[in-house]
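Down below are the structures I want you to see.
Note that chain A is present in both complexes that follow, paired respectively with chain B and with chain C.
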Partner chain A sequence: MCTNRHYNSVMAALTFGCFITTAFKDRSIPVDIHVSKVMIKNVDDFTGPRERSDLGFVTFDISANLQPIFDWNVKELFLYLTAEYSTKSNALNQVVLWDKIVLRGDNTKLNLRDVKSKYFFFDDGNGLRSNKNITLTLSWNVVPNAGILPLVMGSGHKSLAFPESYETAKSY
Partner chain B sequence: MLSLDFLDDVRRMNKRQLYYQVLNFGMIVSSALMIWKGLMVVTGSESPIVVVLRENGDIKFLTKGDNNSVDDRGLYKQGQHWLEKKDVVGRARGFVPYIGIVTILMNDYPKFKVCNVSCLNDELFNAVREHTSLL
Partner chain C sequence: MLSAFKSIPTHMDYKGQKLAEQIFQGVILLSAVIGFIYGFTIQQFGWTVYIMLAGFTISCLLTLPPWPVYRKNPLNWQPAMPETSGENRDKPQEIQKKKKHK
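On to the complex of A and B.
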């Protein structure tokens, strides 16, 4: 006798069980972010709509213990660091500076030092210079074996300010 | 009396089969969609959205590919620098693994399809036999 039909319903039940037993868990943990170096340049943004845009450079440290987030229904975490700020031309800007994938089984004690931003921190304009309030937050997408993909923001953020003048030196 | 009851059973059985087929078809379509969206998220790689701006109440996105560090502007329309909400087709919200595996197996191993259909035939045959033996 064939058992396709039973297979379908058993899988469905298992999948739903996976999902429902972890669906309402709180996936937030405290995060410690520290900024060690901040610099700003005004450069040609070849892909952008204007001649020159502000380009920020941030070096940071991140500490967090990800252990409490992982359970049997978490396949991996997708972490990303966001810079949030406001300028004259845009009320809210959110730029992803860096990201990391942490698989189940990887070291869950995050202790990263002197990390440079992975992606270009371009402003849509020239609003980074002298900007006193840029907020860095760490968030993550919890990728389950089965179920919802929640976006969680870690508690703990860091504010930084950009200098008044542009850096002219070549290196970073 | 034998023929009347028999016909009723067969008619009822066919409707149930029909509903089953409709549901099956719906499941195939939705599971294909879910697998596709799930893969977008799970292929071990980077964020698709890097910049979100709010300007005068309108929201602009700048996206990037999931396995590179350059933004997607080269892929946008000529002269387009930002995506708006209407350009975003959807977002991955959840993951339902293996829900389409039976469909995939039936595609790769057509013998499974015969098995499935003959399962239905067996059930139908058995149910009919049961009802006729009661009489």
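On to the complex of A and C.
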């Protein structure tokens, strides 16, 4: 059936058109991050080579308006919150604390309060205690209908410091 | 009832086939342009796909069945030649000759 081949090539051209109208867009938006609670423990880390490692606990607020990112070539966003810092043993550490999938059609106004981290904030060692500069940033992976999946960092970050001493026997 | 089915035409002539091809290509291109503009305006590629599928359905309905408009230029066949009696006699004689040689 000749109609099938013709339809297929026209559909492919339209999909390329969809891609080319959005290929060079800047998908970054401003993001507001606040931190309400910071705590640290030194616990058994069964995944690491040493006896005990630092485990950080951060409670944060995120607010951002994701609406400008969603165009006709965006299917969903994969958001993730990264903590970046350096220690005596490692120059650069990046730990993902939390993530969220936002589909096209979902509520795009992000206004989350008192969020606890989804994933354990383990350090490779004991470098979190008294660490003065931990930077939290929100980034996202844009999943398109057609084209590249870029990783975009939001503009706006929050620096926090961990306390000098460990918490003991306190529930989180 | 079977004779009613057998009398449904199932062919197009050559000019009709060319017309059918032009029609379906035109309908699909038109729905592509409309779909692209509408989808871009409301920023939803899903609508571009829906409009394309609608255009595909319309072009199938217009060009797949052999509508009468595609049978307007039938081929002019020559009239059939009548068979002569001479041809009938030749064949049995050939068979007899072959048997004698064996």
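Note that in this section the second predicted complex is superposed on the first by the 163 of 172 C-alpha atoms of A that agree within 3 Å, B and C clash if a C-alpha of one lies under 4 Å from a C-alpha of the other, contacts with A are read in each partner's own complex, and residues count from 1 in each chain.
As a working rule, a contact is a pair of C-beta atoms (placed from the backbone, for glycine too) under 8 Å apart; a residue touches a chain by one contact, two chains touch by 3 or more.
Remember, predicted model here, so these are calculated numbers, not experimental data.
J.: I'd like to know which partner A:S130 touches here: chain B for first, chain C for second, both or neither.
T.: The answer is neither, since A:S130 touches no partner chain.
J.: First (chain B), second (chain C), both or neither: which does A:T21 touch?
T.: second
J.: Going by the contact rule set out at the top, does A:S36 touch chain B (first), chain C (second), both, or neither?
T.: Neither partner.
J.: Look at A:W72 in the shared chain and tell me whether it touches chain B only, chain C only, both, or neither; answer first, second, both or neither.
T.: second
J.: Under the stated touch criterion, which partner chain does A:P49 make contact with: chain B (first), chain C (second), both, or neither?
T.: First partner only.
J.: Examine A:N93 and indicate which partner it touches, taking first as chain B and second as chain C; both and neither are also allowed.
T.: first
J.: With both complexes overlaid on chain A, does A:V143 touch chain B (first), chain C (second), both or neither?
T.: first
J.: With both complexes superposed on chain A, which partner does A:M11 reach: first (chain B), second (chain C), both or neither?
T.: both
J.: Intersection of chain A residues contacting chain B with those contacting chain C?
T.: 1-2, 7, 11, 145
J.: Quick check: in the complex, which residue numbers of chain C touch chain A?
T.: Listed in rising order, the residues are 21, 24-25, 28-29, 32, 35-36, 39-40, 42-45, 48-49, 52, 56, 59-60, 63-64.
J.: Write out the stretch or stretches of chain A touching chain C in their complex.
T.: Per the touch definition, chain A meets chain C at residues 1-3, 6-7, 10-11, 13-14, 17-18, 21, 70-73, 145.
J.: Inside the complex, what are the residues of chain A that reach chain B?
T.: 1-2, 4-5, 7-8, 11-12, 15, 19, 47-49, 75-76, 78, 80, 89-96, 99, 101, 118-120, 122, 124, 141, 143-149
J.: Could you please specify the touching residues of chain B with respect to chain A in the complex?
T.: Per the stated touch rule, the residues are 41-42, 44-47, 49-56, 60, 64, 69, 71, 73-74, 81, 92-99, 101-102, 112, 115-116, 118-119, 122.
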